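Chain naming follows the written order as A, B, C, D, E and F, and within any one chain the residues start at number 1.
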Amino acid sequence: MDLFLDFLAAFGRQLQSPTLAFLLGGMAIAALGSRLDIPDAIYRFIVVVLMLRIGLGAGIAIREADLSELMLPALAASVLGVVIVLIGRLTLAPRAGPRPEDGIATAGLFGAVSASTLAAAMVLMEEDGLRFEAWVPALYPFMDIPALITAIVLAQLARKSGKVRPRISAIIVDSLRGSALSALGLGLVLGVIARPDPVFASFYDPLFRGFLSILMLIMGMEAWARLAELRRVAHVYAIYGLTAPLVHGALGFGLGYLAHLATGFSPGGVVLLAVMAASSSDISGPPTLRAAIPSANPAAYIGASTSIGTPVALLSIPLWIALADVIFSL
Amino acid sequence: MTTSAVKLTVIVERLLKPAVEQLLTKAGVTGWSVFPGGGCGSHGLHRAEAAQLVREFAIVKIEAVLRDRDTAESIARTLTTQYLANQPGIVWLSPVEVWRAGKF
Amino acid sequence: MTTSAVKLTVIVERLLKPAVEQLLTKAGVTGWSVFPGGGCGSHGLHRAEAAQLVREFAIVKIEAVLRDRDTAESIARTLTTQYLANQPGIVWLSPVEVWRAGKF
Amino acid sequence: MDLFLDFLAAFGRQLQSPTLAFLLGGMAIAALGSRLDIPDAIYRFIVVVLMLRIGLGAGIAIREADLSELMLPALAASVLGVVIVLIGRLTLAPRAGPRPEDGIATAGLFGAVSASTLAAAMVLMEEDGLRFEAWVPALYPFMDIPALITAIVLAQLARKSGKVRPRISAIIVDSLRGSALSALGLGLVLGVIARPDPVFASFYDPLFRGFLSILMLIMGMEAWARLAELRRVAHVYAIYGLTAPLVHGALGFGLGYLAHLATGFSPGGVVLLAVMAASSSDISGPPTLRAAIPSANPAAYIGASTSIGTPVALLSIPLWIALADVIFSL
Amino acid sequence: MTTSAVKLTVIVERLLKPAVEQLLTKAGVTGWSVFPGGGCGSHGLHRAEAAQLVREFAIVKIEAVLRDRDTAESIARTLTTQYLANQPGIVWLSPVEVWRAGKF
Amino acid sequence: MDLFLDFLAAFGRQLQSPTLAFLLGGMAIAALGSRLDIPDAIYRFIVVVLMLRIGLGAGIAIREADLSELMLPALAASVLGVVIVLIGRLTLAPRAGPRPEDGIATAGLFGAVSASTLAAAMVLMEEDGLRFEAWVPALYPFMDIPALITAIVLAQLARKSGKVRPRISAIIVDSLRGSALSALGLGLVLGVIARPDPVFASFYDPLFRGFLSILMLIMGMEAWARLAELRRVAHVYAIYGLTAPLVHGALGFGLGYLAHLATGFSPGGVVLLAVMAASSSDISGPPTLRAAIPSANPAAYIGASTSIGTPVALLSIPLWIALADVIFSL
């Protein structure tokens, strides 16, 4: 009982975070019909800077890390990516209308990872003083890419036109060439082999919170704008969007906890793994799916992810932090 | 002074831009222009200028001036049947007159 | 293969964009495209791209392809008489040919 | 006499401010035909960040403020907004050519508030160590909106087509939905209810001066560019643009001084009220007027405000600071 | 209701924009619109939107609607012979119909 | 021998600089087909801010400088600009195919100065603790403009259509009106006559390294993209692009060393002079040449400068620093 009260207190404290407030603020001003908008050029630059920052930070720290520790969590991330999509295939797809692709693509996005949610979790954990191995954010592609590939393969199996085999290597290469993953990878490599510490400290790190607050504003406005589209598809997408992040996050937390027991994976790492699992892709996943599963209805999967999945995943970050506070009795 | 030609206008999402450019190149078209924008259609609203989460879903207009109408028609046919069946986009043709016909 | 249609082009300040879009929707037009730009006319210069203090006064071009010429004419009439009498803007019509006529 | 020398010294010192230097620099390079320009996307982002910063700053401080103190200055702000437009109706409009709307719309802009001038005053006062109640910048809409509404009502009366009654509530809602006021309001609310202090301190506050310097550059270039247009309208606009900011600022200073006597309104608050009164809107006011008074000539009111009113108001900020230095013997 | 007119479209690098605008002004054209973009042609690729080192080499489209076809032809002739001989750019003419013919 | 080893060690240390790493990173991701791109609006803003920063920094410091010291280095800079183009006229132009203009324009760009290379050198030298007179970056136009004018004059002589005389004053004015030089000049003037120290310290200086890292990324991607074009022109451009920066830099170092002996020009100043000489213009020079020598093939001169000249000049910065370390035994 005490544990539960602790949990509620920790959860409530986290919900006041400015990061989440900007998200809700974005939804509110969109709902009120505000004409405020952030120029597209700024948005694209913000995403690049955030991903470079995450990559550089991880890269700088990896220099001194024992990379063998990375293996188990990376495996856990990949398993989560695949399993989440399989769960969606079994639960969502059969209920999501005549075309199974719609449900499969949606599950693919929820298996993949949201860069903005990951960044928000990093800031919230820093405010809470919850530490993680510096390489954890680099697990992003280990969960993201297997999830997208699983969805694409399942969609092709569903169509039963067994002829076209997905070229998995092409999908991996194409994913890594996307703007967000390229920036993450570039930052990672530069962090490891160059000495970017001064520019990291004078530019990338100080801008991190601020740019994230603007990105949260955009995500909030976008979530509200897409709700209209979501209304045009089956109810089950809304239900999935509301519940799946919690289920997936719990799965991620569970697997992370096992890694903690096995190799001492940090509590912060467990939380980040849960957040990545809970999050759904809304920047880099959709175009990959659109290109590979053209018959799936984007209104369904983008609506479910951007309008519901991402806000729920963002608002659930405090949940995983509070859970960690209690379970690891921090 | 001027020569008749046709202008093929293709409005698609940026995702399809490489495919359209490949079609144009294959058909021997020597040049085209690209203009970023937004729009509204059966697939809903595409913002122009304001932040849009997925860059690949932004609208672009591709304009190619060609002297040979048949080439234009065959490109348009491939586009509408192979790509635009379930993806946003429209194609139209309009008459133009050009100078220096050798360029086209 | 192709069907004749008309393209209605409206160049106005962003301030009037909602009004134009409402006119198009009311007239049953199913889609249109929007391109940001700049220009020069009797109301002076409108910059393209460089900072301009009032965003609502930036130039946009709205293009709508329609099959019915009368609809296009009536939209243009409403625009020119009700909105563009003392506000910047021009309207023109041009012939086009479209594929998949059902879309328009 | 000593007082006057003190005043001149303080005034001269302030004029060296980098903020004003960037304004004059912008005018100079435009006059010299430079091709330097600031991308529109950057300009729009700068305005949003400045307004969020002003709102967040006010919101954070309001948490601990006694809001009953706000009432009298807010009333003063609204009275100033209305009175300035009425003065313009009586002085400018009858002299401004055949169409009274042109003069009324101009008076409307001069009654309204310029975000850039307000921001510049905040930076100049900070450099001077002149403090104000944190909620003072939030008086912006209390002066801005009444001024615009007064102008719109007067214009409709002038046209004598008494039939169309202005829907005042629609104008208020539309004003608040504009980009600048939305950002101010959002910042204010987030400042009060979330805890945005870390992101305020790491991002919004450090960028404030820098972004303002870029905005001043833009305002200077724009002022120069619009001068050509102003030449096409009656001389009286130029005379109004040169003198009105000083008269309005003095009115604002006077009303603020009364509030100081009545409820202890701070000297810095008095200066900010004078600055808001002296300033004329050039970002958010013009589209409201264009939509509501389509028959008024924008070349007249935008020219008068952007080309003359705003530079004069900006250059008069040191005047109000120097006046406060002397009157409140700081 | 409508009057026939021609639309002169010029696609050039921003470097030539002042020259084109001067030609238009000299010829008595009362207005034109400008749209930033990108393109591909015999002088290679011009990016749209992504950073491009030299701003003056970005592509712009200039559209001017005129009532007098001869004026349009003479502007196009001057452009193609004097400026576009060894610089990137194309020019075309297309038929349009306008309202409020007095504006053009 | 020891000296040579010292030199190699210093050179190797410098090559690890994050600034150069971002350049190589940009080339790498472009080579790997990444879709990462930086919005044009951001790029243009970065250039303006970097040039304002360089100008402001120089202007602030010039206030206390003895400007008579500037004369000899400014003369050296102008001589370098002219001499480099003349060398190119004699060596490159006769070997560069049928049209001498192509080679002359290329030499013009290599005589001119690259803003990005200059900025990179300033950051690298700061990391190395190598100091220079604050006005040295202001030598930029003293080398840049004479080089461009020399190339334009030579091109007109080569065409033997002696009729059209280049209007040198028009070219100077047009150069100074360009975005980059305008921003540099504006910063310089504001630095001298206003007191921009607070905004310099809170905005322009902190953003310098970060914005430079983004610019290096862009230069790297652009260098890779233009390589294809370069393949369409004669080999000799590639050879010139590879060797000329080293020759020109050595010339600059030599002249700077003479100024050091004559008037005590600082070792850091000598390095910056070498870097400016080694660098080739790729932002502001090309449009000046295009307008003035329309018959020259841009694929040749831009390809040589952007694809090869600039990367080589950037990677040679550590060379001049290491040389200074050894020669001035720092």
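By our rule, contacts are C-beta pairs under 8 Å (C-beta built on N, C-alpha and C of every residue); 3 or more make two chains touch, one makes a residue touch a chain.
Only a predicted model underlies this, so the values are computations on that prediction, with no experimental measurement involved.
**Student:** Just how many steps, at minimum, does a route from chain C to chain D need if it may pass only between touching chains?
**Tutor:** 1
**Student:** Using the touch definition up top, find the fewest steps from chain A to chain F.
**Tutor:** Steps on the shortest route: 1.
**Student:** Show me the overlap between the contact partners of chain B and those of chain E.
**Tutor:** Both-contact set = C.
**Student:** Quick check: more C-beta contact pairs at E-F or at D-F?
**Tutor:** The greater number of contacts lies at D-F.
**Student:** Centre-to-centre on C-alpha atoms, which chain is most distant from chain B?
**Tutor:** Result for the farthest chain: D.
**Student:** Relative to chain E, which chain has the most distant C-alpha mean position?
**Tutor:** Farthest from chain E by mean C-alpha position: A.
**Student:** Counting in whole Å, what is the centre-to-centre distance of chain A and chain B, each centre being its mean C-alpha position?
**Tutor:** 35
**Student:** How many angstrom lie between the centres of chain C and chain F, each centre taken as the mean Cα position?
**Tutor:** That pair's centroid distance is 46 Å.
**Student:** Please tell me the distance, in whole Å, between the geometric centres of chain A and chain D computed from their C-alpha atoms.
**Tutor:** About 42 Å separates the centre of chain A from that of chain D.
**Student:** In chain C, what residues contact two or more other chains?
**Tutor:** 35-36, 49, 94-95
**Student:** In chain D, what residues contact two or more other chains?
**Tutor:** Touching at least two other chains: 37-42, 44, 179, 206-207.
**Student:** What's the complete list of touching chain pairs for this entry?
**Tutor:** A-B, A-D, A-F, B-C, B-E, C-D, C-E, D-F, E-F
**Student:** Using the touch definition from the top, list the residues of chain D that touch chain C in their complex.
**Tutor:** 37-40, 42-44, 179, 218-219, 222, 229, 282-283, 286-287, 290-291, 294-295, 298-299, 302, 306
**Student:** Show which residues of chain C lie in contact with chain B when the two form their complex.
**Tutor:** It comes out as residues 1-2, 5, 7, 21, 30-36, 60, 65, 94-100, 103.
**Student:** Help me check something: in the complex, which residues belonging to chain F touch chain D?
**Tutor:** Listed in rising order, the residues of chain F that touch chain D are 39-42, 44-45, 48, 173, 177-179, 182-183, 186, 189-190, 193-199, 202-204, 206-207.
**Student:** Where on chain E is chain F touching in the complex?
**Tutor:** Per the touch definition, chain E meets chain F at residues 15, 43-44, 47, 49-58, 86-87.
**Student:** Under the stated contact criterion, what part of chain A meets chain D in this complex?
**Tutor:** Those residues of chain A that touch chain D are 16-22, 25, 28-29, 32-42, 127, 206-207, 209-213, 217.
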